């Protein structure tokens, strides 16, 4: 039996986002159990634990589940991630933070137990700028770019990268923090209206996204110049604004919609059996897909670990090896019925951050769905690597961490 | 006019409008505080609950859908009908009255004559309960709310000001609607509390439960009445904020925006809520505009409170609150 | 203190000294209401001074002025022969003035014992650290003061309710506890605002006894407001009469009782 | 007559004002202390430590602190979260600036720093009262959180603005950082809790406590009998913040290990601690513990029963948990408005009379 | 002390009793037993006095009748309270007021933040007989208490103790009650005013047939105006009878009227049985 805890939040201020992710995560494993009898013959035991996006409850969940042989944590909260980094390192249980958490944890030498592929926030920032460079004929010289961000550790993550990029490419970065929960953003958007930045980037979460999209629509900011990070790019974020949100863009590192073979399996083995997680109405939404994607990576890593170690009932340490040697290729994804679902990447002992690729999606309000606008764009690997090295080494020094991978 | 000044005016105007939205939430607090001396922590959750109910009814959701499906293995997904906004508002109102009645029957009735802090705590319990209950009843996903209120930039103002100053002002239609509704609401509520004997009874109850009982004021009646009105105000606030940001858990946090307003205007004054709202709205927007960039922004949350605090040091009962009687 | 030349001995053998408190031309206004209008009188060391007058005459306000709760717009307060500067109430209390209140002002959440102990706060000076660890001065002080308070409890015969929260007590006992609290401060000047309201004769007798004993045995000067003429006439040495903020009479009980103005405004009929 | 106090006479005033005047209480207390200090460390594991004991102990300190301010001195404060943050950040700065100094000392100093900040924010209490003050203290809450979030010096310029506790030992045992031993951490916190409770008890039974309670029950009368309101209130703010600061420091250094200020020390924390104090019983040391236990244990218990025991979906269970906790709060208030501690007191009174009804 | 049984209750009163309290027991906080079987009856159109020392349970009795105990966490655990022969224990206080029973609470419970006039007007809350009639009664109250008229625009919290007491009484009168439960009306009032208040009581009683139950410490006055009296001690009725009889009772004379055989004794001379000096030792 393979135990995967799911630290989900179906209540609290971010429940609307937590639910589809948790559903996707759970449904994928349920499907594996129903269709294949689990992974490599071992059934998957999914333990869901409600955190309510609350750090202390997250800790409680971690402590409650780690004794049950948990193989991998996916906390879906930057706050809880920070909590768990020292704990998982001490307990020797791997943690996967899919496109969130501590960016510099992608340095496997310092954080051997933490994985954050396929892309990090810094990748996101870099990809967004790259995309804008593309749009603007290769130069952002003299442009103004505003960053509207959640005034928390999460929201502040991209600032360092963006300011580096600003000096590099000669654009002006306007920082506009929004405090939790972010229901009132009048002054930020008035300022945007006045300064007329050429583009607005957003690192938001929860209600902040909806309000920002709405306010942007209200001031008639051109939506196609407004790009959100992947956590600001779900249906939840745009639907309340109705038609006003049409054209809004967001980053994403996986596919949207339900046009995949895997969905047939989900329908057949899970949904139609009445085993769908939650209310069962989230299939195909961005965050549901993200949950699926996270579960898929977990399952594939477990499979990899079984392969490497030749046992089916793997330990957390073996799971870690699987994660570290995981390789997502077009073929492997196609095999899973998820052709082209995510970027290709491979991990290594040093690199736990993946390829740093993300695509741009655009909201089509008329159709009520996200459309994929670009291929996966690769971030500026050189810059990111440098920043990661700096930050992670500082951490290593502060905490007397012996570097791995020597 | 110089650009900076025009923008400052625009910020001020928007601050005023934002203030009205805060005031709408604050009004609910004021009503209940006035009528019972209870600081109703649950007001924000009530707004959420009212908005959830409204959307639920409009979209024909089955209450406790998920619970029913989970326990009986059924597959219910809505009644499949849609209720027109006006009717839905009416039905929601009925729900809020029922809620008020239940609150009185199950909670307040048993706590007559207790200290304010105990009553405050009881409303916290209520908030907890309602938070879980609302989510369980209507689900915790985000729901778009559209009762037909206009939203977005008001083009007329934009164009007129553009002609006049060469700079178009941004005023949100929703804010204008909110202002009109708030004005009507305040006028009605002031008339009610000033010119009816119930209004006088409200204040009597807030002063001394026992004495109010002894002169024959029925606390049950007064409380059901005020909680119903507060429920209605919560519904209005819920509609406004829900239209803006979708209906979801975070809606309950708007209460935090109302507290400094309350403090500034005075806990017991209906006009105070409006004036306080305006001051807070303008103050925080202007501060963010003028000083925010120097200190790194995101000052709005704390500035409102600090502003209110400074006012209070000079007027401990808020601008319009009843004088705190200090005698021996 | 003034010289003792003008001290005298009363019939029952108490010594009345010089002026302890002198009020000169006190005027107190609340917005438009003039609660006290240019009143002067004095209280002498060791005497029992009554203040009487119809409701709303300004008696309680007068006590509030003495205890520093109100600052009069005009007039001076001379205490122990010195002009008293504007003071905060707690400073006045520390200068040796204690009082009781018309609308009982006990600390409802505390036991009777603790309430009375609050009267001794001004004589407890243990440092924070000592109090934290409950050693040394803190403990010593507590025991010492507790002993004094116990004597007052004995004296007022409230031993049986020592540990009762005061909120539960009937009105009359609350009054007694309040007196105990004021006595605990061992004041030079004790101000009593209607100490016998809401008591029956038996209880009033007790209360009068306590007041007389305090005055007699501790030499405490007492100023008291009371509506029961029997009590006032029996126990006070001198009486001030107020009406509508004005002083309409001042003198011994006998003088006051026969003052036609006083009869008119307050007594209704000549009191026996 | 299960519970007796008859025959338990005091012959000295010292005896009468001791912490547990009744023999039966005293024995019960020693028993609990013995279990907590001797038995629990032997059996405690990571789960019990991190999910139950640490939050319980640390919140109990915060609740003690807030109880001094709100329960004893009557000043309702909603700034607890902010003050805990001060404790946490002070501790972080001290730990990183003076790595060689004992962690226990850091924590105590954090308490003092918080006390100073608390007194500063307590100044308006001289004029502002009741719920106005409660809302006014939110200014402290929001301002402090903003400050720690905004000024990089506080988080040593780390990229994300998070602070994380470096590893520290006490007498050779690891107290902070990832690889700690459950029993050592537990005992470390227990010492703080017992010391805090003892100090609080001493303060509240002496003249300081009487001043606070006098201010609480009737501030004007208190002033007239000679209590300096400014000093009384400020001392309450200071001492209360001292304990709150200690709990914040422990919360950060020992319990969570890494903290993001807005999330961990947000307004919810302020409310949570206030709930503990009210539910437990205002003006009661025991109440602080009962309240903390209620608010920490109840959700864990409900979760285990509903999800673990009955197999409910986690979201329904979470919603139900909210409803039940809310319902219980209201229920307890109706049964006994003065909190669990008072409920316990009345139970004792009844036991004393038992089997007679009155 | 005289036992209740030895003074046979002249049961003539109970037949046309308006208010009948039968053997009630009251417990506070579900542990403190305060009333231990109190019975009394108030005849229609009569003035009945309830006497007793501190803590005897007078206030508790009145509150039990007007159903205000609940908010003090007290409850009537035994016995019955009948008004016009109907059980009224389970009614809400406001219903009782509608039936014409109103209580003036001990200790001047005015609404602090309301002005004196507003306070008086709340008294008319339950009335539905038109504004004009209410205004008339307001004027009447002002003629009873001219002092209130002077202060009618000031907040009750800022008026003197006696003014608040008048306000509380006036407020009760404003509801045009049929029965008034007066708890220590004379407390804190100037002697002249005490006479006046009892004058008003007598006047209302005689002219409008209002019945009174008054708890009083001022035994002297109370027994002068009342028709019947009950003496309560430690939660029990220890004596009852016609007011005139009670006035003659030697115990009542000694303990409640302060008369010794030689007539009224001075408060100065009561030291006889008091311990002294002990606390100075």
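Note that the chains take the letters A, B, C, D and E in the order they are written out, and that residue 1 is the start of every chain.
Note that contacts are C-beta pairs under 8 Å (C-beta built on N, C-alpha and C of every residue); 3 or more make two chains touch, one makes a residue touch a chain.
Which protein is which chain? UniProt says B, D = Branched-chain amino acid ABC transporter permease; C, E = ABC transporter ATP-binding protein.
Predicted model only: the values in this text are computed from it and were never measured.
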item: Longest centre-to-centre distance from chain B, chain (CA-based); value: C
item: More contacts between chains, B-C or A-D; value: A-D
item: Whole-Å gap between the CA centroids of chain C and chain D; value: 42
item: Chain centre separation in whole Å, for chain E relative to chain C (CA means); value: 29
item: Centre-of-Cα separation between chain B and chain A, whole angstrom; value: 35
item: Whole-Å gap between the CA centroids of chain A and chain E; value: 74
item: Numbers and ranges of chain D residues touching at least 2 other chains; value: 146, 149, 220-221, 224, 313, 315, 318-319, 322
item: Per-residue overlap in chain E, given as positions that touch at least 2 other chains; value: 32, 158
item: For chain B, residues that touch 2 or more chains besides their own; value: 66, 132, 135, 140, 296, 298, 301, 327-328
item: Chain pairs that touch, as defined at the top of this document; value: A-B, A-D, B-C, B-D, B-E, C-D, C-E, D-E
item: Chain A residues within the chain D interface of the complex; value: 8, 10-11, 15, 19, 48-50, 52, 55-57, 59-60, 62-64, 66-67, 78-79, 82-83, 85-87, 89-90, 102-104, 151-154, 156-157, 160, 179-180, 277-278, 391, 394, 398-400
item: Residue ranges of chain C in contact with chain D within the complex; value: 67-69, 88-90, 92-94, 98-99, 101, 105-110, 114, 117-122, 124, 126, 128, 131-134, 138-139, 141-143, 146-147, 150, 181-182, 185
item: In the complex, chain D residues that touch chain C; value: 12-14, 16-17, 199, 202-203, 205-208, 210-211, 213-214, 216-218, 220-229, 235, 283
item: Contact footprint of chain E on chain C as seen in their complex; value: 12, 30, 33, 53-57, 60-61, 102-104, 151-152, 154-155, 168-173, 194, 197-206, 208-209, 212-213, 217-218, 227-231, 234-235, 266-268, 271
item: Partner chain D, residues of chain B touching it in the complex; value: 33, 39, 66-67, 70, 106-107, 110-111, 114-118, 120-122, 124-133, 135-136, 140, 256, 259-260, 262-263, 267, 295-296, 298-299, 301-302, 305-306, 308-309, 312-313, 316-318, 324, 326-328
